[in-house]
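Next come two complexes built around subunit A: one with subunit B, the other with subunit C.
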Partner chain A sequence: MLRCIIVGYGFLGKRLARLLASGAIGDIKLVGVASSKGYIYKEYGLMPGDLPDDLRFLSILKPSPASELIDKRITDLLVELTPTNIRDGEPGLTHIRLALEQGIDVVTANKGPIALAYEELMGLAEKSGAMLLHEATVGGGIPLISLKNRCLAADELLSIKGILNGTTNYILSRMHFEEMTLELALREAQMLGIAERDPTLDLEGVDTALKLVILANSLMNAGKRLSDVKIMGITRITSEAIAAAKGSGMTIKLIGIADEEGLRVAPKLVRLNDPICVHGTLNAVSFNFRILGRLTIIGEGAGESTVSALLNDIYEVVKARSRSNRI
Partner chain B sequence: MRVKLTLALSDRPGVLLKALEQIAVNGGNIISIIHRRDRITSGYVPVSINVEFPDSTSLERAKKGIETSGIPVMEAETLEKAICTILLIGGVKIEELFRRVHELGSRVAEISMTGGLTSPCIKAVIETPSERLNTILKSLEKLAEEQGALLITEG
Partner chain C sequence: MLRCIIVGYGFLGKRLARLLASGAIGDIKLVGVASSKGYIYKEYGLMPGDLPDDLRFLSILKPSPASELIDKRITDLLVELTPTNIRDGEPGLTHIRLALEQGIDVVTANKGPIALAYEELMGLAEKSGAMLLHEATVGGGIPLISLKNRCLAADELLSIKGILNGTTNYILSRMHFEEMTLELALREAQMLGIAERDPTLDLEGVDTALKLVILANSLMNAGKRLSDVKIMGITRITSEAIAAAKGSGMTIKLIGIADEEGLRVAPKLVRLNDPICVHGTLNAVSFNFRILGRLTIIGEGAGESTVSALLNDIYEVVKARSRSNRI
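So, the complex of A and B:
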């Protein structure tokens, strides 16, 4: 049995913890869960009943930092799910470093550490022999990273182009179909819980840029940083511009592009019959491979579907460790 | 890429063959040759040759080879056109937009403006030789920056 801990107890953390505690993946024992208030730990495994919405009222809650749980003696796998911090990647970056240095495998949905310190973290993983899987950082449950690294590893990826942010795609779709202003579409998205109360990172294209850096570094060995991305968000898109695009059989989408000219995020005119022209909160990514040519993949880029990506990464760790007889 | 090469051939036997050799060795596939004998000036015959080249490097090599053979290349016009739609949110001076497009040997095929003065948005369809598309878009991006507008191109 692999002993697993989850650090970060928000929407994803709670959903995943309950699934693992219910035995969603054999050979995984959830032994600890940490939130910003402290952590709970049971050597013989946590049960679904040990996992209420708020950990604060549990008698077994230890009001200590999550780093105490990240210890090779008590855990084999860290699932890091603290909120994304684009300034310095903390506290996720410290958690992941601590785990990898000890040879603890890591699965994460946290974009900050992967976008800011990909090379360093992969170096640490290689040195200690640990695995670092991060499918859930980009495109929710769409298997973008595993698609290239497992199914198309021998082909060369020449470029990536896609819609990587569900919030802005929802807003632009509402502007296109309902002729709403950006302000109104944003307010509706906030009421539905699609947009955050502070939507700056989404609207200004920073979230798309972070995901683009992750894809370019992990699939094209681009060695890029967030500061290398030319970013333009959607804040200046007007109803008139959407209507003008519509009149030509097109619409406006926030597109991230990684190719030989570099990395950029900008609103682009997209033909309505283009495979990447998806609407609502959907994401779509078009890869261009040297031999295969163009391959487009579409799916939900956030929410419940991200849990699927996390489960699959955890399953990959279990499979790899059972092959190496570490279970 | 398809190109129309206009050469000034001296009216002597064998000169055209020299030019055709340079096109052939650089991978050019000749589609048609037109002698403009009606336009002979100072002993030179303008000859228009439509050629399909594999890429712009082959075209440049062929042009260089022809000129090295002593045959002046009067014009090399790309026959393939790119058509792209752009939006300028915030609006720009339309005459300046036309000027920048024209100075790069291209044309504004369609233009419309919506949003009035409060929320102007210009939509234009630009027709340009394919190889100049990036240069045109860079020039328009600069124009948008200078005039506080936002350029949106096809992606």
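So, the complex of A and C:
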């Protein structure tokens, strides 16, 4: 059995903790869960009944930092799910460093540390022989990183082009189909919980840029940072501009591109019958491979679907560790 | 080094042979190639110069059947690329059986044996410890089988729905966009080499049904045969029917479906902005997973792209064999 801990107890943390505690993946024993209030730990494994929405009222809650849990004497696998922080990646970055240094495998959905410190973290992982899997950082449950690395390893990836942010895609889709203004579509998205109260990172293209950096670094060895991306958001897109595009069989989408010219995010005209032209909160990514040509993959880029990516990465760790007889 | 032979020397065989002979995949040595006229073999490896379009004029050609080459004393990996035969799967079925019985790994693009005898062949493979990989049988280079098995193994696949035949999709797209009749679109497709001289298997939906059987058996353990599929082709689709669909934001596509109600192929109304609604010779498949939800993948389902699927499967064999120290 691999002893697993989850650090971060928001939407994803709760869903995943309950799935693991009820045995969703064989050979995984969930021994600890940490929120910002402290952590709970049971050597013989947590049960679904140990996992209420709010950990604060549990008698076993220890009001200590998560770092205390990240200790190879009690943990084989860390699932890091604290909120993304694009300034310094904390506290996720410290958690992941701490784990990898001890040879603890890491699965994460936290974009901050992966976008800001990919090379450093991969270096730590290599040194200690730990695995660092982060499919859930980009495109929710859509397999993007494993698609290239596990299914298309013999072909060469030449470029990436995609809609990587569901919030802006929802807004642009409403502007296209309902002829709404950006302000109105944004307010609707906020009411539905699709946009955050402060939607700046989404609207300004920064969230898309972070994901693009992660994809380019993990799949093309690009060695890029957020500051290398030319970014333009959608705040200046008018309903008139979208209506004009519509008149000629097109629309406007916020597109991230990584190719030989570098990384950039900007609103682009897209043909309505282009495979990448998806609507609502969907994400879509087109890869261009040397032999295969163009491959497009589409799915929900957030929410429940992200739980699938976490489970698949955890399963991959279990498979690799049982292969090397570490279970 | 894994010693590899290719049986079948048509479009795919030639492309793949030249790539392998020029070292496209490390640890693979191409030692033999067989066409219907006989085979060539070089213990120390074939070079690109040994591989003209027509093997008949080579002095080293031995006019013997391919089965002579399929011998574990000289071969570790068989790539089976003879033409699909939906009646009895031959000669591919015999070639694949012969290899698996001896523990020789098999990579194939041949739909016949996989659709007709999947359980038997997987049984043989399990018994001898050989690998049988067949990503290239469905959807060209689009990873469909490996996508589920390597990237989404921890989720549960509930249903499959897709456009799996590029020829009929080309015809229906021309009928939709150019308001052509089926006859005219078919003639155009034949002139362009997209449709065969005898297009029956494509138009009647049999090719789609074969691929659906392969997907359902490999990904859902369905244990189905071609005779289990309810099949309706596109021969009765009129330009009027497509024009009527177009009027309400839809079109008609030939769709294969595998779900709890079984396997079926039929022309269906599809919304123009549904991710599965792709045009030209593109293929598109939507998977419905328990946790992930809907995932759609789109690409060219034939030609050059299939070479990528073959290379990726061969690479997977090399990886697995070097892991188990058999290289």
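Methods note: the second predicted complex is superposed on the first by the 327 of 327 C-alpha atoms of A that agree within 3 Å, B and C clash if a C-alpha of one lies under 4 Å from a C-alpha of the other, contacts with A are read in each partner's own complex, and residues count from 1 in each chain.
What we mean here is this: contacts are C-beta pairs under 8 Å (C-beta built on N, C-alpha and C of every residue); 3 or more make two chains touch, one makes a residue touch a chain.
Everything quoted here is computed from the prediction, not taken from an experiment.
Undergrad: Scan A:Thr84 for contacts with subunit B and subunit C and give back first, second, both or neither.
TA: Neither partner.
Undergrad: Let me test your reading of the model: by the given contact rule, A:Ile142 touches which partner, first (subunit B), second (subunit C), both or neither?
TA: The answer is second: A:Ile142 touches subunit C but not subunit B.
Undergrad: Does the superposition put A:Ile252 against subunit B (first), subunit C (second), both, or neither?
TA: Once the two structures are laid over each other on A, A:Ile252 reaches subunit B alone.
Undergrad: Is A:Val270 contacted by the first partner subunit B, the second partner subunit C, both or neither?
TA: first
Undergrad: On the A-aligned overlay, A:Phe289 touches which partner chain: subunit B = first, subunit C = second, or both, or neither?
TA: second
Undergrad: For A:Ser128, is the partner it touches subunit B (first), subunit C (second), both, or none of the two (neither)?
TA: Touch status of A:Ser128: no partner.
Undergrad: Determine where on subunit A the residues touched by subunit B overlap those touched by subunit C, and list them.
TA: none
Undergrad: Which residues of subunit C touch subunit A once you look at their complex with the stated criterion?
TA: By the definition above, subunit C touches subunit A via 24-25, 135, 141-143, 146-147, 150-155, 272-273, 275, 277-279, 282, 284, 289, 291-300, 304-305, 307-309, 311-312, 314-316, 319, 323.
Undergrad: Name, in rising order, each residue of subunit B that touches subunit A in their complex.
TA: Residues of subunit B touching subunit A: 85-87, 89-90, 112, 114-115, 119-121, 123, 125, 150, 152-155.
Undergrad: Flag every residue of subunit A that touches subunit B in the complex, lowest number first.
TA: Contact set of subunit A toward subunit B: 161, 232, 236-241, 243-245, 247-248, 250, 252-253, 255, 257, 266-271.
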